[in-house]
Amino acid sequence: MSSTADQLVISSDPNHPANLIPSLCAKFWTLGWVTGTGGGCSIRDDDLVYLAPSGVQKELMKPEDIYVLSLKAQPPHPSPRTYLRSPPIYKPSQCTPLFLAAFTRRGAGCCIHTHSQWAVLVTLLLEQQGNSSSRVFEINNIEQIKGFGRGMTKRGNLGYHDTLRIPVIENTPHEEDLTEYLEAAMEAYPDTYAVLVRRHGVYVWGDNVHKAKTQCESLDYLFQLAVEMKKLGLPWISEVTQIAPQRT
Amino acid sequence: MSSTADQLVISSDPNHPANLIPSLCAKFWTLGWVTGTGGGCSIRDDDLVYLAPSGVQKELMKPEDIYVLSLKAQPPHPSPRTYLRSPPIYKPSQCTPLFLAAFTRRGAGCCIHTHSQWAVLVTLLLEQQGNSSSRVFEINNIEQIKGFGRGMTKRGNLGYHDTLRIPVIENTPHEEDLTEYLEAAMEAYPDTYAVLVRRHGVYVWGDNVHKAKTQCESLDYLFQLAVEMKKLGLPWISEVTQIAPQRT
Amino acid sequence: MSSTADQLVISSDPNHPANLIPSLCAKFWTLGWVTGTGGGCSIRDDDLVYLAPSGVQKELMKPEDIYVLSLKAQPPHPSPRTYLRSPPIYKPSQCTPLFLAAFTRRGAGCCIHTHSQWAVLVTLLLEQQGNSSSRVFEINNIEQIKGFGRGMTKRGNLGYHDTLRIPVIENTPHEEDLTEYLEAAMEAYPDTYAVLVRRHGVYVWGDNVHKAKTQCESLDYLFQLAVEMKKLGLPWISEVTQIAPQRT
Amino acid sequence: MSSTADQLVISSDPNHPANLIPSLCAKFWTLGWVTGTGGGCSIRDDDLVYLAPSGVQKELMKPEDIYVLSLKAQPPHPSPRTYLRSPPIYKPSQCTPLFLAAFTRRGAGCCIHTHSQWAVLVTLLLEQQGNSSSRVFEINNIEQIKGFGRGMTKRGNLGYHDTLRIPVIENTPHEEDLTEYLEAAMEAYPDTYAVLVRRHGVYVWGDNVHKAKTQCESLDYLFQLAVEMKKLGLPWISEVTQIAPQRT
């Protein structure tokens, strides 16, 4: 690698996006989030967007596999010719327009897409409940909810008694066709940092890599907990039927 | 190791089959696919077939443990004398004729055999349903289905709404006796890249190591998901009772 | 780092608290105990208390991230000004007063706080049973119970037939508000080495790092076992309906 | 370490028992077999027996922590004075007489003791079924059964259709008191390579480290599978209601 374009992905800094995406994806692989080339991760550094290619084994990715494009130069849905750097042997990820939606509409610095089974099972359980309640995942009164920001225009994180709401969109045969529904969900839920995709997985973003990753971890924790709660007959939403704090 | 035969397994290239089989098997061990010497993996490089021996701890395998045989020289069911290289202290794997079936009948470049519990449980659940439906695992409308090729003679991968069908064959007391049933299943399902073996595990192959591994990961994901769906009362096959995409 | 305060966290000894907290937290992350910046760990070395900051990715923590405060100099609930060393970019953990309660009231040398899903599920299952029995987790006749000390003022560990009792306190919107309830539970259960927090997680301590960690592991094992027992219809408390030992 | 006794545990060979026990125990820790200092592993090399001490964190063990004793010099139940080497800061494991039973009565070369939750749950499920059937775990028609030897006096391994039988003994308050029941189970089941201990775990042995470890892995696989089968309403023992092999 020696062209000007290649310089975009060469750095000795482990926190450079071209190094960080492979190390994050390797970690996500061990969590079951990006099995069998599914899922992915994109980082925005000011105007530059770093993206993994389509169809790679996520735990084996290397900096030279990374695509780079300029956010300013993008039409709403980018085509391959607008990439600043394209690895010759790959195709760009079909998730690209979805990652870009998080960057352009929410000012996110990082967006993670997982195929976590817990996310998929939550969307199936909601579907099972019928049409009216199936389009949003809701849970409250769990400490881990505090791992989420209140919203782009609000300060601080959700509280313990707040209800976390994650919208669910229906899956489409072609991943890029999800974009308009993802964008619609972002408008309908202006404070959400995540959108579930039925029978598919979840998109989670944050202001930076730290926030996107920790929000994604907290959400996956809540999805897994919710599935286990369902197996044990425990409801996801509880009244704050406060058991009065005990004194001795 | 210094004989001509040993040269077949000596290479400094991590992607040489004799290096790749041990590193893949170590990874598979952490996934629970090759517990207690069960399961295995074989790679074909043009005419040469690389195989793990029988009865080794899969996470501890070394290049010098690898068998090599020539595909051209093989009768349908190879006997030990046809090996180009045989490690002195081992016996060849009983899976050998099954791996060869994937290479000769499908032109596969890699074949993986796992004892994954999810695969076994799926075959048990199918058996529980009775005779008529028990011989094929079917699932549709799950994004991860896109991780499979449409078939040897077809281009591209399955789509989201396509039904993935994996035939199930009955187990036999001796693993090599599975060969004729595996081959029959290959004929009955000319597009399949995998065959489940009841109460035993699964064989998965692909054009190359990348495709075999990622298809095996995607399939194991779907088997695990299917078992969890069963626990939660969710059907594996769904009508595309399309919940109309929401608009806001 | 070169100030006198920074010397508190610089050591080449892997067992120095400032090195041990990051390595323990990285291990806890792989166990799912400190997902998404939740949970944490504090070590006391005589008068000095070492604490992780708030909101960090626990598997990425470094010695220079560690807070240090003097136990003697502490009012009951410390304020930031009493820290001997404060990393400039962080905030102290909200768990601090809870960790201090274990140090001052129990003479503990280490306290671990996890958000383990097994702990949360156990508190939810107890809540489901209703008010009277929901405030203490009880299990007996499981070998792993021997992993707990009998109590601060008693010698040795619990026996196989002893009932392990872990009190449960209700969660509060602000973590520091848990302190008075944690302290009340410590008074009500003078021999306990752990307190569950409903819908939140667990605090576990011990005389030293070894004891806190191994007690926390044993407890998490019992919580997971208890959840699986519930799924299978197995009661947590059994009469010693001794099946007479078999003779042949 | 420089005494003659210390020479017993100093070796640069990774397969020396004093090196192998720590590396095996670290691996077992990641499998959940030796959580919270529970469980352990012992290796016999001719007349010498290598043992882990009591109460150590199994993933942190070092060669210098290892006890060594001479098998010939042992009375049936060894006392500390008979150790050839005793690390000064530890106590010998309470499992010692049970490991010795496998060495003296079965000629085993390695014995592993796990607290695996799957083993514990299997014993609880058997107990739930009532007295008569609760004293032996039986499973058949699962490929992984082939991972077990037929018995000390027999050649080869179990076949697919054979029923694997693992006796269950009741737990006792003191681990060393299990010895007589373990020995009685060995007599009642002269071909078994493992004994389950109710509400406690399992002892598994083999002619050498390889066989003990792979048999232990295969057994843990079967215990986990059995628990999942129970959740899904699938019986552990099946008639060979052979679904006739399909032809196409």
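Read from first to last, the chains carry the letters A, B, C and D; within each, the first residue is number 1.
Heads up, the rule we're going with is that a contact is a pair of C-beta atoms (placed from the backbone, for glycine too) under 8 Å apart; a residue touches a chain by one contact, two chains touch by 3 or more.
All of these numbers come straight from a predicted model, not from anything done at the bench.
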item	value
Turn needed to bring chain A onto chain C - CA fit, degrees, nearest 5	90
Fraction-based call for chain D against chain C, same above half, different below	different
Distance from chain D to chain C - Cα centre to Cα centre, in angstrom	31
Length of the line joining the C-alpha centres of chain B and chain C, rounded to whole Å	44
Shared interface positions of chain D, touching two or more other chains	231
Which chain pairs touch, all of them	A-B, A-C, B-D, C-D
Contacting residues of chain A [partner chain C, same complex]	141-144, 146-147, 159-161, 210, 213-215, 217-218, 220-221, 224-225, 228-229, 231-234, 242-248
Chain C - residues contacting chain A, complex	32, 35-38, 57, 115, 117, 120-121, 124-125, 127-128, 131, 134-135, 169-173, 181, 184-185, 187-188, 197-201, 227, 230-231
